[in-house]
Every structure is written in structure tokens, then in C-alpha cells.
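Two complexes follow with chain A in common, the first pairing it with chain B and the second with chain C.
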Partner chain A sequence: MMVIELWRRPGRLAGVTVTMTALAALAVILVSLSSGLWAGATGAIGRSSADEFAFSRDSLGSFARSRFPLTELARVARLPGVRAAGALGTLTTAMSLPHQTVDVAVMGSQFSGPGAPPAALPGRLPRAGEDAAAVDVALRADGVRLGSWLRPLAGGPRLRVTGFVAAGQFELLPTVWTSLATWQALSAAAQPESSSSVPVAQVLTVSLTARARQRQVQDEVSAALGGATVIGRDQAMLAVPGAAAMRTTIAELIAAVLGVAAAVCALFSALQAAERRAELARLRALGASARRLGMTLLAQTGIPAILAVGAAFLLTAALLAAAPPQFPAALPLPDAAGTGALILLAAGAGAIVPVVRAASVDPMITMEEQ
Partner chain B sequence: MMGAVNLAIAQLRRAPGRTALLVLVVAVLLFLVQYLAAVSSSLQELNTGALRQLRADLIIYSASSDGSLDASRLPASAVVMAARVGGVAVAQPLGLADFTATGPGGRYELGLIGLGEDPAGRGAPAGPAAAMWPRPASGSLPGPAGALTDTTEVAAGLGTGRRLTLRPGGISLRVTGAASGIRYDGLVTAWTTFGSWARAVRAGNPAGAVLPNAVAVRADPGVAAGVLAGRLAAAVPGSTVLTRSAAIAGVPGAGVLAATFGLLIAVAFIAAVLVVSSVFLLVTVQRQRVWVLLRGLGATAGRLGLAVMAQAVVVVAAAFAAASAALAAVAATSGAAFPVHAPGGLIAATAAAALTGTLLSCILPVRRIGRLDPAAALARPGATALLPARRRAGDRP
Partner chain C sequence: MTAEPNEAAVRLTGVSKTYGRGRTAVAALRDASLTVMPGELVAVMGPSGSGKSTLLAVIGGLLTPDTGTVVVGGVEVTALSRGSRARYRATRVGFVFQSLNLVPFLTARENLLLMASLAGTTRTAARRRAGNLLAELGLEGRERDFPGQLSGGEQQRVAIARALIHEPAVLLADEPTASLDTERGYAVAVLLAREVRRRRTAGVLVTHDPRMASVADRVVRAADGSLTETADAKAG
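Moving on to the complex of A and B:
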């Protein structure tokens, strides 16, 4: 009965479906942007093997303004609850690649400590004293191969590519992993005001022992580093510039769109229920159960919503395929499934009141009114 | 016309719940459109405001910077080289660095911009040296150890006379005035002389070398910017010379940001138009019997069409008013860290787009009314009367 009812008015089905598709597409695009921006801004930190990140006292948790002499590392490594300590430095700069010039995030790391990228596949991680880099697999699209040379435009050592890593992006840029010494040389060339005569890093990284109490270790590391800010990986991701504000804003927009989708479904359901009030009364008088009528009306909202979600995913996938590679959007399967479920839930929630009202039609009174 | 409006209002009042829900839905969608446009505009202003307010014709970057002020470093001699080029009225060093600032309102990240050599004595820049600075909305331009802040930060405690202490380094600056829209890279931003900026950067890391990020240039009157750009590029080795508008467009992320928000605004607007169109089409179909009767009683199709359009306009106008009020509330409560502006131009543009979209959304319902044949419908009351004329013509035995 529900399919026949929809089929009797194909224009209306199309109208409702197209309207819902626009709303669902807006929600799916927002979710794609949220996923893409978040992964692009914080991917390298999110996939890090470090449990804790220490930022210098006056940096307010900013990678760019944090700085420690590497001599501090030994002190941190000796603290109870610390399994291993490492160091990290970041620099966004332009590099000349085989095919073109691109902006990259140079990540200086102690490859043996926490915070280092996973093992390079294919290839290997750079060795100590070697001006080399293991680079984000995404740079293959720019013509980078094993043995390619990366030339920093601002000066500093050229880097030979020894491997590829799936380490994620940082500040929306592909990552180039190199040693701390090479990072320091590149930083001094690109930002002469940051140059230092002693080995330094921006952030110290810590991995915890199995029985360590996180809060206690954070306090001890902070005290050992003269009041440093010590935060876990999740908070370090939020410390990436703009990441937290971006995520909150997009989440609010997604919530607003889901609210609108629920209200639109409520509106359409109410209109359909009002239009078919007499017909529903006759069906009730002829013996149709309230439950069956309710399910029919619910399906009239649900089927266009399901079609709309499918169309919205196809539309968004087409947009993402047509977008330039640097466009910060991605649609992982769990996020896609979750969004689809939320849209359908919103549609169902919106339809509940009109459906209950329609199902509780009194046939006698309604037919008398008609 | 008034009759159509009265009819429209009467029809809307007959179903107050449905009208309220429709107004709410359209208001939220219009708020989304306005909010996205306001956020996009605010983000652009926060990211590029400093370059917009810098009264320079050309900006010289290092060639390796790819047009990014953050990435560019030039030798100090570049300022002298640029100043000697024919057609240059003023050439001043421009510096940019981030600090943690301690001042009224606590500790926060601060972008410090340095412009122009220190004036003689402790006074503010004057004469040609002041020509490149943003115009203060209150107070005066900063001299050595002074700072010009953004007007949005005055409410957060950075008014004239307040002090900022920069970390690392511990250099202190006194706020001398405020100018509108001078922030950069989304940060709370203060402008000072290049000399003060250099002292602050050097204090943060005495081992480092302090170089200007760029050189800001004003051309002599009558000198074409394109011609001067060519001369400057030849005179300053390893440089790229951009007009101010090109420099603004080249700020990292500005293009992607504009495209992303443009897409979201377009989809939200299309959704709003589709909702209004679909709902009024459904309402028109439901009330077809009423429209037929009114046509039979002498109302013209044009008048009924006007009534439908008036209904849509009334709903969208009410929704627009609610959405604009909500946006104004959001703008009023937004903090100094991310001030959301709701400029009159943006409200006017969305109002014009909403009106156009509303009229477009009425095309299908009005067409439906135009096809009604009252004589045939009244002759055959019942279900057939609810069908449009074209369909009934096909029912002939």
C-alpha cells in the first residue's frame, strides 16, 4: 500500500526526495569536510606512537612556539612511569619536487623514540647523520620516488627520499620525516630567527610504561621541564592551530542541518497526513489498523529519505572526485554510515508526531466533517 | 494587490502550527546561509585583514616563499634596494612573528606585525612614514615600544594605555590606539614599528638572525603598479613582487576557504528554495478545491497566483527576520578570539537572494493554479475537480 501510494504521485515523491537530497547532501558535505580537515590537520599526531606531548611553558601548546634543548630529554627519560622519551620538530615550507613545487610539513624526529613515524614501506627511515627523508605516500602523486631529491626553496640541505610512510598529514600538508638535526638546519634556513647553536626540538614526546598513571607522569614531566604543558595525544591534536575551532564549528553546522531535516520531514508528513485525512478515515472504517496506517505514512517519509541519503552520497562522491587533490575533504565509511543513519533518524523523528496524529484519526468524526 | 496579501495572510493563519513550522525551517536554513556567509567573511578578514589594511601598492616577498608572508625572509638590504628604485615613494620593512602575550584578558597567542623603521625620538610615525599604516579608529599610531591593536580586541581589554608582555623574551608594549580589521592569520594581532618588532624577536631567541619578512612599497603618484613591480623585481635579487590584491589572494588557504564556504552556502540556499517550493506546491494541491471555488467566484488566476506568492514572501520575510535577529545575536556574543560580523551588505545580499529564491520557488504552485478550469471543476465536483485541467482533458471517453 505504501509503495502504491508513493507511485500514485511520482511528482510529489520526486519533489520531497530532491528537497531531502539537498539537505542530506549539505550534511554529508559537512561531514566530509570535518573528516578531511581533521585528518589533514592532525593526522600525523593522531597516528603518533607517543602517549604524551610536552610543550614549553610559554608556548600555550603551540608546536611553532614551543622549544626545548635536547639535553632535557635524558632528564625526562629517567622519570618513573616513562618508558621512552623522544623529540619532535615541525616546519611548514616549500620544496621543489621532481614535477613541481609543493608546500610540505617537515617533521624532525628521533627515529628511535616515541613520536617517530611507523616503519617505511617501501624503503627505510633515514639513518643518523644522513640528509634524507621518509615521505608521505601522498607525495607519489607529485612524482616523488625512492631516490628522488627534495630541494627546500628557502635553503638548507637537500633531502634524498629513502622511504614512504603512511604517517598522515600535519596542518593540511603532506609530511616529510627527517632527523632532528636536518630539521634544525632546514628551520634555520627558512626561519633564521629560530636558529640555535645547540640541538633543540619543539616538543618532547613520551611513551608510558604499562602501569604508569598518566596524570602523575604528566605532573612529573611538567615539573622536570620547569612548568611545561604536558598533554595526551588527543589534546595535542586539538592543539594543532585551528583544529579545535574548526571541528566545533562544523559539528554545530551538522547538528543544525540534522535539525532542519527533522523539521522538514515533520512538515511534509503533516501536509501529507492532512491531505489524506478523509482517505485515512475511510480506510480505518473499512478495517485498516491504526498501526498499518501509521507505518504507511512513516514509509512515505522514510522512502524519500532513504533515496535522498543515497543520492546525497553519490552527489558528494562525485564532488570529491572532481575536487582538486588539496581540497580537504574525505568520506571514511564509518563516518558515511553514521551520517546516513543520523539523517534517517532525524527524518523518522520528524515524522513521528504527524504519523501518530494521523493514525489516531476517528473515522466517524472525520467522515462527518467531510 | 492588498487583496492578495490579505488572502495570503488569512490562509497562513488558518494553519498556524504548519505556518510556524515552515517559518522555523526556512529561518534555520536562512540562518545557515547567513551564518556561513558571515563566518566566511570573518575568516577572510581575520586571515588577510592586515594585508587589506596595509596601505601599500606592492609587497616584495622572497622568491622561495611562494607568496606567503609567513615563509618569506628578505635581507635587510632589500629595503634600501627597493627605496632606490625610480617611482618608489616609500619602502618599509614588514615583519611578522607569533608570541604568547600576557596582558588584560590573560595569556593568548598574538601575531606581532612590525612596519617601518623607528621614527626619531619616541613619537608616532608621521609624514611619508605614516602613509603605509592602517588608519587608527581611536588613539594614535605606535612609536617605539607602542602597539596598535584591532578594534575587536578593545572590548577584550586591549584598549589604549594597556600593556602587553611578549613571551619568550619579556618585551613589553603599550597600546597607543586601535584600527579596524588589521588581524592576520586568525590571531589576535598587534602592530608596532619594525624596530620594536625586531627587538621583540631578538629577545625571544638572541642566537637567531632577525630579517624582515617582506618590504611594503608605495608608488609615486602616476606610476603604474605593474611597471614598478618589474623594476623592483629586477632591483631586488631573489624576490617576487606582488600587488596588494594578489598578495591577499595568495594568503595560504584563502582560495580553498572561499571555495569551500561557497559550496556550502550554495547547497544550503538551494535546500531553502526547494523546501519553500515543495511545501507551497503541496499546500496549493491540498487547497485546490478552494482555489477552484475562488476562480468560480470571479477571482483571476493572476490574483490567486499573487496570493500564493504573497504567502511565500510573508513566510520567507518572517523567517528572514528571525534568521537575521539570530545572526545579530551570534555576532554580538562572539568573542574577540573569533569575532563574527554581520555587515549590512551581507544581510542585504542574502535578503535579495532570498526574495529571488522565493519568487523562483513559486513558479510550480502558480503554474498549477493557472491551469485550473473552474467551469469544468464546478460542473463535476468531487475528486475530478482536484485534477489540473490538462489531465482532465485526457479523461474524455
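Moving on to the complex of A and C:
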């Protein structure tokens, strides 16, 4: 019955609702930005059909420093638990189009092995020995069409676009999928110091058989490759340059916002409790239990917090709908639900101490203040 | 234990309460004893600081005395735990304070229903009793008014109705007419006395005003924490 107050005295709760809405919106926007940036940074790896990624021994799990001669591939493919093995090379570089220049991530692939895009739609994947590329559909917005030519600014072979793929981004750049030989030629032109006379790749990829034990296969692949670092797909996504740092930074921002939300709820509850000490003591004197008063007070912070979270989601959804399509933000449902729960948790955590203190006010002050 | 018909509703025996300790200690009640029968209204008079509010707090289970026992409606209040005392207040005690009695954002009727819900009265019974009580206290048509829309006298009448809705063993009123003018204050005191007698509730009315005390069956004087029965008890 006491919760009626929320509707009878809306002004009293408007302040905290508005503040919490702003904070919740900030948290939700940060989460959607984080999801979007994460997808942009690691999408090409995250959507990959490869289960395991092998980085060479001294690479410290970095794509750029990792190198394997392609001759190693056959050995890995024969290991127990390995269904298929493939190879991948990455290079971020600039390509010029007839009217502009775009930054892209060149992804060298065998096309047959795990980690390659499944097919080009429309068009086709490049053939062996052909300096061609199947490119991210996002590049259509830059005027790339079937048959367009991409000219690498750093030199190396020109690429004819033979198809489009929906393979996701890498390092926030649209991907351009070429053969490993083409990737190696482009890498040699862009970074002459890293050129190699034998065919190489950066990482080897593995897909597992249905019955394979992941740890065991990782160990065997590592041993076969002379102590390579072999990690699963989720770990490999964190190995994308900048991805881990970006995720940490945004997580810290979100934590800070949640902290502020908890502080706001704590302050609001404490103010409420102080202001209403006499009223609460009177209810205690009439026989309201501390538990009942506490639940009421908690509801009075919780309901505005729930309203705030709802408003924040609507606000963010509207912002995302209005944002340009390239804007790196997305709000997958599990992330959204998790964020909402975290904000409510922060609100509850902030409110709990003042609420417990207020609810256990000594009813005797009622007699003293007469 | 339930109260027999001719058993006291309130029985205080040798109750003492001292606030603080050492040189700042204040003896608010000294060896105080008091008996109130069901349907009896006792007025407590005395100068400021004589221990009147402390007496009500002890009967109402807001304060545990240092010595002595308090039995209300067959319940030994002084033996209750903290949690049980809240339950005791909700079910056996009706409080009327000097002012600011009512929850401001609830209507007159809702204030009564809130008390009934604290006491665990069923909804149907609570609604019926709320309607009857408000009507008997001359508040028909004001059920949906908020405290702010009611005059001081009307608010105190709602407070009396609220103190009775759960059929308590004792009604405790601490200067309930102090914020009203004499005329209205007296009318409220008369209503309080009438309801106490009609409902066979024990009543303890603290007041400074002899005119208000005249509605009571007995007057007890408080001085320096001691209680003395006075001879000038009102006849009939």
C-alpha cells in the first residue's frame, strides 16, 4: 500500500528516475558500442568455421608476428582429432578505387580449409593463381562492384573483384579475401622486411572432429608445430590487435557508470531516509516490521530504476535506428538483458545499506519528538 | 493466556526507567504501578518531564523498562523480543499521537486500512470496520480525503479511528488534543472516551488540560516519574 506513494507523489521520484535514466542510457549505449566495436574488430574471426588457431612459438599470440611455412599444414591435417586444417594471413592496408581510397583488411586464405568464407554471393571466390578478391559486402557502399579493380597503395598485385562475402570485419575494417599467395605478395610489398622466399601463412587453423577433445588436440598441434600457441576461437578474437584493450577500456567505462548509478541510488535512498525519519519511526511505532518498511523503501528505489532501464533501452534503440549503418554499435539481446540486470543490481546494492538503516529506525523517537 | 472479562487489560508493576547513566542519568519512571480495566479510560496528568510519554512508551512496547513488568491483554510485554514487540504493537496497541498521526499520501480510509493490514485483519473485515468507525466518528463523506484536506480535529478523529480498527487491547493517546483549540479538543476527547467505553478497550490519555482529563474515569498524577492516584476521580 505504501508504494502508492510513487503515483501520488510523482515529483518526489522524478529526480532519481531522470538521473537513473541518463545513467542507464549511458551504460546501454556503451554496451552497444562495445558490442558493435567488438563485432567490427573480430567479426571475421568470430564467424570463422575454424575451431582452433595456431600461432608460431615466438609470436606471443599476435597475428602480425606469427609465421608458419605452408609445408607444416599437411602435418597438422594428419593429427588425430583434426578434421581439416587451413591457413590464414592478415594485412591491413589501403586500396585505391577509381574515385577514392579505402582501408581494408586483406585476409589470405586457402578457401578450402577452415577459417575461409564459405562462398561468395554473388560472384565467386578467387581461383588458385589468380590475383583476385572476394570482398566484404560493406564495400558496395564505397562503389565496389563485381569486376572492379582494387589497387594497393603500397604496391603489389592489383586485385579484380570476383565476388562478395558476408564474412565480417577485422580490426574494424572491411575484409578483402585473397589467396595466400596474393596476400604474401601484398605483404611483401607493404612490409619488405617481413618477406619470405617460401610460401607462408600467419596462423594455421584447425576444425575438430565431432569426438575430438579440445585440450588434447591443442597439445598435439602445439607439439607438431614445435611449441606453437594453440587457442580456441574466443581466445583468437582477443588476439586481434587492439581488441582486448578496447574491450577492457569499455568494460571499465561501463563499470564506472554502474558505480555512479549505485552511488546515486545510495544517495537518493539516504536522503529519503533522513527526510522521512519521523514518518518511518511512526510507522514502526504502529507496528510495521523493519522488513516490511525495508521492502517498501527498496521498491521505492527499485521501481524508478526499472522505469529508468526501460526508458534507457527505448532511448538507445531510437539512437541506433537513427545512426548511420556504418556506426559500430549493436545491442544483441543477451547483452541488453545483462546490462539491465547489472544496472538494477547496482541500484539495489547502492540502496541496500541506507534502506536497512532507515527501516530499523528506533520507533521511540516518535514519543520524544512530541 | 487471554484476558478474563474482569481481568485488568493493562497491569504495570514496579516499573522503573532511567535514561542515560552516571551524572547525566534521568529517572523518567520510578517504581510506577498502574492498572487499567477493559472499557476504562485513565487520564495521566503532570508537568513536563514527569515521565508521561515514557509511561506510554513502556505500555506500548516502544521501550523496555529497567525493572518491573508490563502485562497487556494477557501478554507480558516486558518479556517480548524486539521483533515480537513490533507484532505486539500492530495487534494489541492503538496509538494516537499529538500531531502528524496520518500518512500524508494516503486517504483517511487508506490510513485505517494500512493499520488493519499491519495487524493482519482480513480485507473484508477491515473495509467494514473502517466504514463504521469513520461514520461513528462523524467523518462520513470524508473517507477519500487526504490528511491535508482535513482540519486538525478531523485528522485526530481519523487517528482515533485508526487506533481502534484492529480492536486493540489498549489505546494510548499522548496529548491528542494539544494542537487543537479547547472547543474542538474537548469534542475529540469526548469521542475518544465514548469509543473506549463502547469497545471495551482500555484507554490511557496523557494530557496537561484538566478539562480533557474530566472525560476520563480516573486521573493519575505523574510527578518526577512517580504515579499517584488522585481522589478527584470523575463519578460514573
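Just so we're on the same page, the second predicted complex is superposed on the first by the 239 of 370 C-alpha atoms of A that agree within 3 Å, B and C clash if a C-alpha of one lies under 4 Å from a C-alpha of the other, contacts with A are read in each partner's own complex, and residues count from 1 in each chain.
The rule is short, and it goes like this: a contact is a pair of C-beta atoms (placed from the backbone, for glycine too) under 8 Å apart; a residue touches a chain by one contact, two chains touch by 3 or more.
All values reported here derive from a predicted model rather than from experimental measurement.
Look at A:M364: by the touch rule set out above, it reaches chain C but stays clear of chain B. In the overlay built on the shared chain, the residue A:D234 is in contact with neither chain B nor chain C.
In the superposition on chain A, the chain among chain B and chain C reaching more residues of chain A is B. In the superposed pair of complexes, A:L26 makes contact with chain B only, with no contact to chain C.
By the document's definition of touching, of the two partners only chain C reaches A:I4; chain B does not. In the superposed model, A:R284 makes contact with chain C only, not with chain B. Applying the stated touch rule to the two superposed structures, the chain B and chain C interfaces on chain A have no residue in common. On the chain A side of its complex with chain C, the touching residues are 1-2, 4-5, 8-9, 278-279, 282-290, 292, 363-364, 366-368, 370.
Residues of chain C touching chain A in their complex: 53-54, 56-57, 60, 62-63, 83, 86-91, 93, 95, 97-101, 103, 105-106, 110, 113-115, 117-119, 174-175. The touching residues of chain B, counted against chain A in their complex, run 17-18, 21-22, 24-25, 28-29, 31-32, 35-36, 39, 62-66, 68, 70-71, 73, 97-100, 107-109, 167-168, 186, 201-202, 204-205, 207-211, 252-253, 256, 259-260, 263-264, 267-268, 270-271, 274-275, 277-279, 281-283, 285-286, 338. Contacts from chain A toward chain B in the complex involve residues 12, 15-16, 18-19, 22-23, 25-26, 29-30, 33, 58-60, 62, 64-65, 92-94, 101, 103, 153-155, 172, 190-197, 241-242, 245, 249, 253, 256-257, 259-260, 263-264, 266-268, 270-272, 274-275, 319, 326-328.
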